[in-house]
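What follows is a group of structures, each given as structure tokens.
Both complexes below contain chain A, partnered by chain B and then by chain C.
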Partner chain A sequence: MLVSLEIIHHLGYLEKEMVKSNTVIAATKEKEMVPCARDVLELESTFEKLEQELREINRNHAALRQNLIELMDIDSLLRMTEDFFEEPGNQRCSPNELFIAGVIKQERFPAFEKVLWRLFHGNFVLRHAEMQATEELQAVRGAVKKDVFIIFVQGDHVREKIRKVCEGFRASLYSCPKTLYEPKQMSTSVMTQMEDLRMILRRTEEYRAGVLTRAAEHVQEWGSKVKKMKAIYYTLNLCNIDITQKLIVAEIWCPVSDLTLVQSALIKGSEQSGSSVTPVLNRIQTQQTPPTFNRTNTFTEGFQAIIDAYGVGTYQEINPASYTIVTFPFLFAVMFGDCGHGLVMTLFAVWVTSQLTDVVIGGRYIILLMGMFSIYTGLIYNDCFSKSFNIFGSSWCVLSMFHPHGPWQNETLHEYHHLQLNPFVPGVYSGDPYVFGIDPVWNIASNKLSFLNSFKMKMSVILGVSHMLFGVALSLVNFVHFRKFQDIFLQFVPQLIFMLSLFGYLIFLILYKWCITLRSETAPSILLLFINMMLFDYQSEHVLLYRGQVVGSSLVLAGIVGGWSECKFTLSHLQNHDCALQQKWLPTAPGVSMGDIFVYQAIHTIEFCLGCISNTASYLRLWALSLAHAELSEVLWRMVLQVGLKISSGMGSLMLVVLFAAFAVLTVTVLLIMEGLSAFLHALRLHWVEFQNKFYEGSGYKFTPLSFDSLLKTQQ
Partner chain B sequence: MPSLLFCGPKLAACGIVLSIWGVIMLSMLGIFFSAKSAVLIEDVPFTEEDIRDDKNPPQTIYGLYNQVGINCFIAAAIYVGVGALSLCQVRLNKRQEYMVT
Partner chain C sequence: MAATSFVIAMSVMTLFWGLIGGVIPWFIPKGPNRGVIVTMLVLTAVCCYLFWLIAILSQLNPLFGPVLTNDTIWYLNQHWQ
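Now for the complex of A and B:
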């Protein structure tokens, strides 16, 4: 649309002028109505008028300034000639002598002098003086230095030569008074002229500032109006014009539930613009895939955004965003797990959500949820700034290890540096585990890490397998919705059985081992159990976890399932192949044989099986990051805060003040921001790759209706 | 009288946040030290002699616990002062904003 381009051009010029003259542009806060066609013409005429006015003002200003410069030159010239004539010996000049006065740039003067010497062989007198650089001169002209010169020569014909030389050196010549009195007269007239010019210049500048200020009040409003108009015209250009050239036909995507809304908006629009034709809305069938539209509110917007960042869902596919609202903060919290840091994060998120309501930060609810879940996992790990809480009373009792209950004597304490609590000595372990979370005694145990590592690794595997099973279950929902019932039988069921038989069995082993009582010296390792199962290695000297443990059946089951899924893919491909041949859709190459399909499906099956194992191992990052976080937290406490606490003298409190400030700053930067970002990224990756590749296709495109809010936001 | 304002609005706000955190956390630490919590044993500056030469165990260790606890409370009190100072700075900054515009 040519109209809007001109307007945008004018608007840009206006804004540039305002910036040049440092006018303050007022910000508008009210929402203006969308302009109609009449406004376009009105705006256009306003802009044109303004621009013309401004251009004229600028032209006049430039011309006046040039005049002022010339007058200043004449002024200094006059002063110099006065000085020259007052020198003794220069009073008289014969009528043949003539002198020429002018102004030249200082750097060009030496060359000018040399040329004159060559021309006149010394038959001339040249006087020059530097022009006084007053402040005003510098403001008007710039920092160029200029010299004033006078040349005395004899003879008339040389006048033309000198004039040409001066032109070549771009010196400006001025007419000069011959007697003593004339300089004074000229000087006064020049002074008055300069005063007048200065006043005129000031007035011009004031007028210009006034025009710009008045325009500045509206420029932002105009700007947004122009942007809206441009967007409307662009969208209208996407429509077709009817054959009668009077109607616009548009094919749009629209959510089915919003059809009545669209209808009423069309009617309202036609009423407002006063047209006689009522708009017509029809539903039409199409072969194209519609865009994906998920309704969100301010709370779910952030979660939908992080799902869409990886891939917008295929049309009508199940949307994992609703489950992500819970699983994402939870997996983050498993890696972050510290209730002190979680509390700081939650308070920060609450402050952001309540204070900055006008600036919509999409992630504020995500951070709020992450913080709250972190407090929960922090209570489970019993970790607050690397210290544990003993709220319910520890289940371990050291006193019972001493005589007469247990083996320790007074001398035992002096001999050994590390002592081990034996839970089988009566009274040491109360028999009931700590009520909620990890027992606080582990915080002061030196083998804390061996216990926590084993616990966190097993927990990560359990969480990972559950997450993936949930993903597989969601694929069932997809199959039911798209009516691919054969896929349920041939893909969903084999996948499920494979995962359950292998990893489900692993989880069963883990949970069983946690629930029974074992002596730690003789406890069988689950890892070795699993490996031996795979290798069919059942030596009788190995301690069995439970009776009847030979579970070759489990492995056989897994093998059957593997073969089953291979058959499935083969069958489904054969089916497609037959269909294709019947309907002559696919021009299949004659070389496609049963062997090729078989190999392809074998590869696919192996990929799925190995993928399962690698994805499960990938969930071990939950353990790795939570270990890193706990260790960083402990290092920070020990290296920074403990130094202050251990000073027992009076200066201890002052050192504590300083060291606490350092501790707080380091906690926020390293543990909250850096570790938080890291855990966020890893939780995101777990969702995007390990969870979503079980069911999510993500090959759709987003539904993007014209929205003025997002338009103005992006262009600001 | 020269201006009492010596830090900008952001520094003063950081000061307030730091002081609130400092007051809460240091006073809680002080309470836990006075309650002789076992989890904080490594933060108490005791030596081998303290334990061996103790005439009336465990009073030496308890005494050290109390000392650290009092240190924490004093530090918390200093942070109350820092917080009050930052609050003054915030108020002065706000007042200056009104006067300039």
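Now for the complex of A and C:
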């Protein structure tokens, strides 16, 4: 293990160097074989050699660069002294006088000057000039500004003092020529030295680039090899070594259907490595719970992932992921419900799936299905960017409201701004509803929401109760599989009867009221009916929905059922209690009496009953979100696009372009992304809480075999 | 009974989704994905049919009509026949 840590360290250094020098790292296309133990040593030596080489190159490079900087300093110094000496009056210098020349950072210069003043009481000459920042200088030294200075001072003994001051200010000193002719000589020699250095530097850089490019061809391959080796070592560490120190014993979990595959892989492995001992695979019994393994392909793994995010299924319980493939996009679409937006989403998902095949985006199939279902629900809601289609002809006829069929005269239109169509006037409503979806007349009606709210609320309740009944039915499958037949009788049946007697009855009322013809003045409200049923209020003034309406029975039934499920745990606890007593070795836990068990079960029963009601109400979010989406869509149309379409001046076309751009941006960000995320989240919550708490335990742990594919994928 | 558009629509849709959910699953070839595909077909048929059914039943016997502005009424008089 230590070995691989060092290798990873070397590899990291290599990659850093490559990035610094902008070398292109080639991507490997072929799949490499799994590395064996020999490769480890080989890779290790290669890496060490490469690293040493690179370090040496870098050291040399740094040293050369330092030299170059010094030479450049001397060069500009010389130029400055030349200028200085050309000034009249400075030609001579007496032997007593002293020059000191050097380079200092520009920001330190004022302080430097002050210190010198204090030291020599003005008895010196100081000249400074900014160093020209040539491009090369910038590249080599960086953006630090430096000044060149010369100090003339009297006396020999001050040399040390000045040197100390310069050291304090980190100024670098250089020896300076005394006469006029020396500068020229020094200048030329410095120039040639600089040229040489530059050439050497270039060569060094080229050499380094060459080394790195050669290494870059392999670095990806090496990287994946190292990762694989690390994974193999980690897995091997989990095994035990036999007493003879020659064998490795491993206890593994393995899917039963894959046993033959594992057997053949073991044989193949032993053949390839040339060992004499064939590995042996035995099935053993164990008390531990095995991990949960659900086989997925690229299509189903997204859905399995969102189920596992809540909790990995208990070993061998039913997997809701296969049903979630359809119900999740469907519930999303009920809340999203716009065929125009759904079309955009589908096209986006198709593009992602087909184009970006190398980058695996986990949710692309989820988005594809969500978009396709949204197109369908959008067509049924008759909502496309907040406009409706009129394909089959509306069922509502305005003409029949006028004389002689109906109450309206020609003047009625002038008198009133808003008029309501009356479906009970013959001819106004054709008797046949619009065959596919919501009638297009509602889109242009002012009371659209009155109708749509009633429709969507009832739809949410129907869909919600169906979804929950489906969940309860899945719990039956679980009971049958785990052979808990008692639970079928004591838990599944009471739950079913309770839900059906209350919410099934509600759905029956809804459907019945939809299917019969009523006069609107006398039509009873289902809500009031239900409330009255709960309060056992049967006043005869209220018109009953149908003859012989016996509502009390369903409530009594629900009550019976509640007590029934309470018996369940009581019975099972009693049984356990009895068993234990019979075995006579049980010290009865004090305080666990019949009363406690009863209370515990009462709480459970109440929790279930109230939970049913609150879960059903929770499904009303299907209505709420689809209303919000429709309203947002309409606002965008009315406030943005319609304004542009209504402009009658010549500038209208230009304004329309601008407004359409705004419309498009707002549609994508607010309606598609924000509303999409919101509907996604709520559909997910409906699945995780309201659907899954009817049957799902989710207390297992995931089966995680060593997989090179997933290892390399996660690294990328 | 006269073939009203409601009856036609009801029978066509029931037949269509019944086909998708009840007949096609028998013809899916055996393979590792057969279970998933059959589940998907049945659930899609059930969900979509139920949703369509709710939409059409809710409009079967309306208790009130749409409220329109007089401009809209005038326009519809001319154009929606």
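Here, the second predicted complex is superposed on the first by the 539 of 716 C-alpha atoms of A that agree within 3 Å, B and C clash if a C-alpha of one lies under 4 Å from a C-alpha of the other, contacts with A are read in each partner's own complex, and residues count from 1 in each chain.
Everything that follows uses one rule, which is that contacts are C-beta pairs under 8 Å (C-beta built on N, C-alpha and C of every residue); 3 or more make two chains touch, one makes a residue touch a chain.
If you're wondering where the values come from, they're calculated on a predicted model, not measured in any experiment.
A.B. asks: In the overlay, work out which of chain B or chain C sits against more residues of chain A.
C.D. replies: For chain A, the partner with the higher number of touched residues is C.
A.B. asks: Given the touch rule stated above, what does A:Tyr323 touch, chain B (first), chain C (second), both, or neither?
C.D. replies: second
A.B. asks: With both complexes superposed on chain A, which partner does A:Ile284 reach: first (chain B), second (chain C), both or neither?
C.D. replies: So A:Ile284 meets neither chain B nor chain C here.
A.B. asks: Based on the superposed arrangement, let me know which partner A:Thr517 touches: chain B (first), chain C (second), both, or neither?
C.D. replies: A:Thr517 sits against chain C, while chain B stays out of touch.
A.B. asks: Can A:Thr377 be said to touch chain B (first), chain C (second), both, or neither?
C.D. replies: second
A.B. asks: Can A:Ile444 be said to touch chain B (first), chain C (second), both, or neither?
C.D. replies: both
A.B. asks: Determine, under the contact definition given at the top, whether A:Ala661 touches first (chain B), second (chain C), both, or neither.
C.D. replies: first
A.B. asks: For chain A, which residues belong to both interfaces, chain B and chain C?
C.D. replies: After superposing on chain A, chain A residues 444 contact both chain B and chain C.
A.B. asks: Note which residues of chain A are touching chain C in the complex, please.
C.D. replies: Where chain A meets chain C, its residues are 295, 297, 299-300, 322-323, 325-327, 330, 334, 376-377, 380, 392-399, 402, 413-414, 416-423, 428-429, 431-439, 441-442, 444-448, 450-451, 454-455, 458-459, 462-463, 466, 511, 514-518, 520, 523.
A.B. asks: Given the complex with chain A, which residues does chain B contribute to the contact?
C.D. replies: Its residues touching chain A are 18, 21-22, 25-26, 29, 37-45, 64, 67-68, 71-72, 74-75, 78-79, 82.
A.B. asks: Would you mind writing out the residues of chain C in touch with chain A in their complex?
C.D. replies: 4-6, 8-9, 32-33, 35-36, 39-40, 43-44, 47-48, 50-52, 54-70, 72-74, 76-77, 80-81
A.B. asks: So in the complex, which bits of chain A are touching chain B?
C.D. replies: Listed in rising order, the residues are 344, 385, 387-390, 440, 443-444, 638, 641-642, 645-648, 652-654, 656-657, 660-661, 664.
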